[in-house]
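Accompanying notes for the structure given below.
Chains here go by letter, A, B, C and D, matching the order in which they are written, and residues are numbered from 1 within each.
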């Protein structure tokens, strides 16, 4: 594994626990964790029980005792590492976003295709049992023809004007603001449930345009990324979409919510209640129709057999474990897991179309 | 109508509106409103468009141009008026509680039975579309065998120790505290849905034992009624019940809630969401089981055809209109409406059994 | 009052009840109800206790014993009646929408301004105690600077392809589909809370393009109005808005919801819980911050003193009573009530800007 | 660690993860896992990365390279192991229930007191951040004087009459039914928040009295434990309590809920929303009072600094990790952790008083 930040921790936990909660066809060895700063990576190695640590990813990807490379580094290094690892025939796990822009993402996809390796992108929310159940209900045709998708990812931590101009708020370092960081999650969830997006019209906004410099708090610098983004869209299948992401929704910690309405039913998924799914069915008798609040904590629900007895909640980190479970099963049967780098590319295409639309003030077709 | 307090207003509104929202087989004339204080009753007559007012109920019940007498006076006068009206052959509508104790209630029941008149008690919550729907689901056998009833009526307005020793807190005037005032509502709802109660064990508590005298706030007098009551019970059909009522649940305005669990399903009714009913069915496929939140605002729901288009909420006062609608239909077909004075008597029997249990510290059988 | 449909019933009830629940400086006489079909208007007059009925509105607006004309007719007749009544010096109450398009609305506004009469438009949701409380919290500066408005009005009754091509689905009769019928409600609520909208970009969609003709169900005709509309916008004060209205959200009966996020707090109003308001405040200590669910049923809340004791819900129809209460107070002090025909005009300007944006595929500035 | 069932897994995970999520003053070594069946315990040792396994707990508790013994065996063996380990000077962690009855629990408490070792009982729900926050709010005097506790633990998995007569339903093996298994959780939570219980009156019920024998499904045997229990009580501080636990609440998976009402505020904790706490404060201005839904996922909340960024949910298993974190801190400062075996004893005293009350039909004083 390359990287040791927040995602390094989430991935380490997944590698640690996947074989404990689940009977898998493969056993993950936590061979080597790699990061630039020796002191930090050594501490991480100790804490999360990796066998070794390293500081040069270029050497790591060439090791012959490694099958899988997991990329959890800062965004601007994803694609170079992916390409180098693919060239060495390693299977790839990569944090989102795949790359900084569409053309970079395309290079990565070409590289893994050429190398013929398996690849997966960590859009972990897909692997929450509740969102997987949502997909299952759609596949069971319980929603019928899809008319509407409305999705929002609302956070509120950035409204303080004294919050400094951190790297996340500088385009050259982060690539993007709210749009690339969290709007991508609801784009991915919508594509997972409903399919590809045909065209978009969008807006971005930076509410607080200057912030104190971290290195010199008496002076301010210009915020170069968006605080919020929103867009309307049409899906390939004719559904209409409304999307919004923001860091300025005071009171919302991480409201990642998607609602889908179809001709036969509707569903609502929301990370504020990660162990639940709301589902409405027109197949019910008229006088008892209503949105069911399904506790997705039972043995018949996706992934839940691995954890605790019925009725016991799991948390955020388990979505990473579940994604690794899926990878293990794909790996052992030599099938391509999902979501993979193709999804990373397609998500990026939607993000960029919204940016282009916001710049031009018109609708933009995708692909 | 005899009486002009809070309930006089609710009843007046029901008489005013029943024929407007519903096509009924009878038309209610608002003939005469009667109350002790001429100035007040005259104002009430003007405001609510009654034809006449009167100050002596004994004369009113003897009038030959009156078919129905509605009793909405203070609790200690219900039974005398009911008996006098019944003796004159009037049909009876009576506010709850029917009387101050079981023996008084029994006299009233005997009087109406002897007179052969129709009679109804204003347990209006039964007539909320959502609670009526709950009853309908039970009658449709969607709950199966009933195992559990848990009911609570929580208010929080009495926790201030400076709240004066008003008439509601003096036993000689009110007859009872929380127990007779609001616990009776959940007893009635439970009997409506599940049937009769066989035995009880209960407790009452007065948390603030002395309060300022209204007439002399520097001095305190003793509170002679309960602030809360609670009891456990067994129903005739074997179900187990847990009941609680209080005026000391800070933050609760009027949480009148009942949950029923059966072998095939469960339901939850709650006045905090008066236009909704929660319903769980084991008949659903396992992976989509969950409590449905049914918006009881559609044309297929009880009483709702009379009001507004689908999706529009009604309020507290409409439960009185609905009860009058039922009375009109019973009247025109000469059938006994429900709930009626028998229910008033049976509710009182449960209340008194709890009082007796609290005094003796043991289980008490009913009837 | 001119008109006797769904809104005729809602307005009749308001005229009937306003003086009963509230002590008002004026007393509304239900003088004359007017409609084209004699039989229907006579029945309505009887049922709702109007003094007279009439069939020619042109005569009615000229009567000297009438002060106020309430217009509740089909949409295409609002403006002619408003202008004629204003010319007679009558004060005006008018159902929404004010007119079929901006230029017609402007004529109506000019007419009432010229006549110097009072005028009000029935955007009744503004008068729900919970939405009025929302406005009060903003006026108390509890939200700080406003960043976000997200609003949706979701219905689901139109997904059946066998639902006929009723007048509502024909542009020549209804003027508009979902957009003018229900999207206008969330536009009005947003303008009420946050102020004017500067520019919009939007879309409309007709999911089911042909429907059975009512007069000949074997043949189909073309649906000429929208099934859904959505738009993004910027407000004059810099806030970003996301709006959506639809009749294709299966399971949603009337989810009319608006969320506002500011620098100090946030609020959520939703007709699905009409007696509640959600409110989040950053002024609370950090460890107890959370959205409060305020039961807007207490004496300190707008309009609630007129109704029932604390904790008792009111319903949809009371918003009309409340609006009439406001009119009575404005009337008696000769002040202009709100919302009034200026609001009708401004709402129409937003609606039309969205239509123009959808046609051109670009952002449109308003005004 | 002795034991390898459901709780063995939960404890193993806690030992594995505590030092990873938290910087602790001690490091837990997963020395040896012990169980009767060699094959099972060896597999468990492999899977959860214990250093050794063993099959004889009597040898294990005598090892000098072990400081802490964790007891997660079947209920009837807790006390013998606790006593043996205490005699060897080991610190004790013990699953609930401590023992089969009060006198057995007392022996265990005497043994640890005599040995002077640290001891803790796994009432893990106390360590959910939301319940810990509830305790903190009470300690901050935000609730004022406590009037009410109402608690329920509702499950619904046992309503099927074909469910076999498993060991949990045989008193000789399980010691108790719903009462000892889950009612004890709400007793412990109530004692944690409000203090000791003075007297109780209760009931138990077995709804399905015979079930198929697992070893011979054509024949039925008698269920010898309760399906539900409920009791009323008075606390030492004067509060009134209502408790209910059942396995017959169809639709409820694990609704472990406690509500506390005080003179200044109220709170509601519920495992169905484990990452939330509801809190009502009378200190708020009147017009904005309401139950706050506090997302207990922020850095200022108990234990949450150890996990993920703000807004990310944790699950059931983390309550065990948190309890171990508290033990580590108590251990390093040589203080007694809570809850400990004294709590196990006191919980058992309440359980037995309810049993005695149910048998005698009267109130029973505790202690």
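Observations
Note that a contact is a pair of C-beta atoms (placed from the backbone, for glycine too) under 8 Å apart; a residue touches a chain by one contact, two chains touch by 3 or more.
All values derive from a computational prediction rather than experimental measurement.
The minimum number of touch steps linking subunit B to subunit D comes to 1.
Note: the chain lying farthest from subunit A is B, by mean C-alpha position. Averaged C-alpha coordinates put the centre of subunit A at 40 Å from the centre of subunit C.
If each chain is reduced to the centroid of its CA atoms, subunit C and subunit D end up 54 Å from each other.
Chain centres here are Cα means. That of subunit B falls 36 Å from that of subunit C.
Counting partner chains per residue, subunit C has residues 289-291, 295, 298 touching two or more of them.
Chain contact summary for the complex, subunit C toward subunit A: residues 147-148, 150, 152, 154, 156, 159, 201-203, 205, 207, 228, 230-232, 234, 238, 240, 242, 244, 246, 248-252, 259, 261-266, 280, 282, 289-291, 361-363. Chain contact summary for the complex, subunit C toward subunit B: residues 6, 10, 12-13, 16-17, 19-20, 47-49, 155, 157, 253-254, 271-274, 295, 297-298, 307-318. Contact residues on subunit C toward subunit D in their complex (touch as defined above): 133, 136-137, 142, 276-277, 279, 281, 284, 286-295, 298, 300-301.
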